[in-house]
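Here it is: the structure, laid out below.
Order of writing sets the chain letters: A, B, C and D. Residues in each chain are counted from 1.
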Amino acid sequence: MLLRLPILLSLAFGLLLLLAPLALDDWRLSQLAQLLTYGIFALSLSFIWGQVGILCFGQAIFFGTGAYVMALVTLGKLPWLGESQILGLLLATLAAGGVAFILGLFLFGGRGITGAHLAVVTLCAAVVIEIATGRWGFVGGYNGLRGVPPLTTPWPRDDIYLSGLETYFLIFAVLAAVYFLLLWLTRTPFGTLLAAIRSNEERTRFLGFDVTMAKLFAFFLSGMVAGLAGGLFAAQFGFVSPQLIGFALSTEVLIWVAVGGRGVLLAAVAGALLVRWGEDQLSDQIGQYWLLATGLLFIVIVVIAPRGLFGRILDLSPHRKS
Amino acid sequence: MDIVVLIGLDAFSYVLTLLLVTLGLVIIYGMMNVINMAHGELFMLGAYTVATLLASGVPFWICLLAAPIVVGLAGLLVEEFVIRHVYGRPIDTILATWGLSIAIKQMIIIVFGPAAVSIANPVPGSVNLMGVDYPAYRLVIMALAAALALATYLVIYRSTTGLQIRAVISNRAMAGSLGVNTRRMDRATFAVGSALAGVAGAIMSPMISVDPQMGVGFLIPAFLSVLVGGLNSLIGAVIGAGTIGGTTSILSANMAQADAQIIVFLLAIMIIRFVPQGLWKGFR
Amino acid sequence: MTVSSALLEVEDITKRFGGIVALDGLNLTLKPGELRCILGPNGCGKTTLFNVLTGAFKPTSGRVRFRGEVISGKGPVAISRRGISRKFQVPGIFPDLTAQQNIALPMAAASRKPTVRTLVRRAPDPARLAELLDFAGLSDKADMLASDLAHGEKQRLEVAMLLAVDADLLLLDEPTAGMSKGETASIAALIRKLTSDFGKTVLVIEHDMQFVRALDCPITVMARGAVIAGGTYDEVRSNPQVIECYLGRAA
Amino acid sequence: MILQIDQLSAGYIKGSQVLDGLDLSVAKGEFIALLGRNGMGKTTLMRAIVGQLKPSAGKIRFAGNDITGAAPYKAARAGIGYVPQGREIFADFTVEENLRMGLLGKPGLGALVPDWPYEIFPILKERRHQRAGTMSGGQQQQLAIMRALLGQPELLILDEPSEGIQPSIVHDIGIALRDYAKEHGLTILLVEQNLDLVSLLGHHALFMENGSIVERVDDMDRLQNDAALIARYLSV
């Protein structure tokens, strides 16, 4: 019972990522490291959508906020803060969490909105913020900010820049830490409360829980995770642009998570890796077919297989079928 | 004075075309509870139908007739293969139609390439109207859009088919027990809603950039119109399209388009958040 | 105020919807630990009564006291916090949660101030959880998703959830709706246990006569928004007024 | 037999059957009253016949055709008229629009409401252009019955038509319906708790208990006189 198939497969997936550097050259490894960052981003959506049932069409708002804050700090655009990367990541996480908190207050406070209204409002918020970012000179307007320094060691050594391998393991460690944190949270009574909200919000409220507060906290946490991913991404990618904060990336992450399996955290990561990998590997012409295929796959999954490609095989939850 | 007339005419033409797209969305939602995120791509298909037929020598006005038929048939396929399977799961309709919109967009990119296609203005020249020279084709757009919107309204409220559609919206099970083939009504409604989007795209095609991304540009304002006006009501659609389209046009005349868009979207978000039942029901 | 031993006192409750009188000067008293069944034809006001008791509707006139305190006019959350809990006709379980989680959740709600912090830190008392699972007869199905349980098991699970919220007065609205005969018998036994083993006060609305008989408790018969008769199963059955109102012979 | 039901099982929740192996046959022109206490499956049976609920097992044949699990519109077009519990008129429609809905669903009936429904219930003519939701319960019931009859059904199913309506109007409706049915050879299947209406519209009474039919009474006088029968199936 202890080593059921999903546990074995989850371990195998982790092991595969851990051993990947053995088989990949430096360039491919840095690509994979970026994919893992997307995986952290996917975790943030999987948590809020799959666990709490809030379908957010604007998740890139938080990712982009993190990326921009990281860029601004490490480029020295906020001189009174210094240019520390650690501080940059910390602020990226907190700022994105703060944005999520404010947006969450707006969405869930009072009578709140749900379902289609929530989806359209978050979608519009992403569009608005993308346009606004493109028109804000301080953050580089449409061109964004270039030359974001790559990840460094916080302690002095000869070459302070992290090697490809080090970067990879750093991102892997962050991914693993976030994953286990969220997994643990879903196993606590608070996680049960979140699942109950997803299952039947009205009745959960009737039991006497402060549902608004719980949703707000989950949204805040999800925003922080997305912001952390955004911060890491800015340093890896070297530049930030309004696309990172907008509508297109918001809906893309939705597809990764749905294709992987919205209900299972690790499945969402696998979905992000698979879809992005396909997009990156294939040439432009074939790539269009790949996007068409993912669009169609997304439809099929929504219609007949809501657990996604990996949702079943990576499901670690303790419940069993009759 | 001239500028006021000009802005007024622009606003009016934008509101009317937006209304055409919005009407299709509202009928589909009211009838089937389907939130159709692929509506913008159906609009795009209308424009591409015109582009394709025009390129093979078909006169513009024939293309305009063909567009709703082609897009209506596409709608029929979409209903059969996708929509039918997600009835009763409103959130999944959002996701499934979103996937559909991506798939249609990619298909267009694969077939026509990512670049914009230009469509020649079929009625060049301008007409002097209340002291301003106004592009003649824009007036044609207004006339067509107004006529179609009116026709839709008449069909829903005055025809026997409309009576059956309203019966299904109001009580699906009872309508069925009176002999209404609800399955066929669903198909027909989705096809007609799609055709409305298609004809709107066809009518607008000479005036806008016809490219694979054009759908979203119309989807979001149309959606905001639906939610601002109130789901499930044709009057609400008129109010919504009037609010969104009117504000956008008037603001765009006074500031950068992007700034106007930000203001309109924020306004719409506020209305949706604080009057979720829409302006029509909210203030009645 | 006179000192009263009653847990619930419904005093002259009237509820009108427009011109329709759903409750017409209804009176009802329940002692602590009592099991009572309410019978009545469709539209006699039973469900409206429950809606008034839980605060979903405000009565047009009259008062409801709970432990001597007037609760009519208070909202549903305030009333549920005072210890009145209701089971709906449709099972109110959480289908995506396991049986065990379904019970743990109301237990957590019953603990004082369920905040994020306390919820993350404190797991519900495992002994009580096991006891409630055993009560529902679901000990060996604790890890199954509630949606995978049989219909009767879902009903039992929901009764256990009612116990877990630690309410004193339980309102059961047609607990046997949609159940087979065998399931009906087991749920009647379970409801009897609510009073006999756990000391709860229980008010049941029901149509199914076999079930009412199995409950073996005092019965109150309602018609047109008021109480028309009361007594044991046999007494009520032979009451001519009751027979008449059930058959709808126009007076 | 115009309606033949064999071993029908149906329910709302998976794994729990409200109807359990029910058999029923109705001959053409018969007036059948279905009686029983609340919750015994009467409405479930009606909904299964008209196709609003898919049975999990068994067969329903109507006029020789298998209509088990057929869509509601197919049952309606086959000749089953339905007056559901609670009437379910279209409240926002006018009275006339409601009546037109009785015609539109069936091919070949035209779109114009003929005069005869208005002659049977003149109040409907008077209120023709009013919103149906504004009428009293009794008037709405008259409307619902006429709406069903306009579809020219061979079998009319009525689910508790007397519910919430004052006795004198119930009586009027019963007489009008009986006369119409006799004249047109209509078959009636009536679910009812009001014995007054049952005696008007029932030639035979069937008693239902726990999802199946347990007794048939052909001598309708027994309903008035046999206290033991009433006590067994109807009284509390």
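Everything below uses one rule, namely that a contact is a pair of C-beta atoms (placed from the backbone, for glycine too) under 8 Å apart; a residue touches a chain by one contact, two chains touch by 3 or more.
None of the values given here were measured: they were computed from a predicted structure.
Enquirer: Need the graph distance between chain B and chain C over the touch network, please.
Expert: Shortest path length, in steps: 2.
Enquirer: Give the chain pair that accounts for the most C-beta pairs in contact.
Expert: A-B
Enquirer: Which chain has its C-alpha centroid at the greatest distance from the C-alpha centroid of chain C?
Expert: B
Enquirer: Taking each chain's centre as the mean of its CA atoms, how far is chain A from chain B in angstrom?
Expert: Chain A and chain B have C-alpha centres separated by 33 Å.
Enquirer: Centre to centre, by mean C-alpha position, how many angstrom separate chain A and chain D?
Expert: Between these chains, centre-to-centre, one finds 57 Å.
Enquirer: Just curious, how far off is chain D from chain B if you go by their C-alpha centres, in Å?
Expert: Inter-chain centre distance comes to 43 Å.
Enquirer: Is the way these chains touch best called a line, a ring, a star, complete, or other?
Expert: If you draw each chain as a dot and join those that touch, you get a single closed ring.
Enquirer: Any two chains that touch count here, so list every such pair.
Expert: Those chain pairs which touch are A-B, A-C, B-D, C-D.
Enquirer: Tell me, which parts of chain D touch chain B in their complex?
Expert: 50-52, 71-73, 75-77, 82, 84, 88, 90-93, 97, 100-102, 104-106, 111, 147-148, 151
Enquirer: Quick one: in the complex, what on chain C touches chain A?
Expert: 76-77, 80-81, 92, 94-98, 101, 104-106, 108-110, 114-116, 119-120, 122-124, 143-145, 148, 165
Enquirer: If we count contacts the way the header does, which residues on chain B are in touch with chain D in the complex?
Expert: Touching chain D: residues 160, 163-164, 166-167, 170-171, 173-183 of chain B.
Enquirer: Help me check something: in the complex, which residues belonging to chain A touch chain C?
Expert: 185, 188-190, 192-193, 195-196, 198-200, 203-210, 213-214, 217, 318-322
Enquirer: Please give the residue numbers of chain A that touch chain B in the complex, ascending.
Expert: Residue positions touching the partner: 55, 106-107, 111, 113, 115-117, 119-121, 123-125, 127-128, 131-132, 134-135, 247, 251, 254-255, 258, 288-289, 291-292, 294-299, 302-304, 306.
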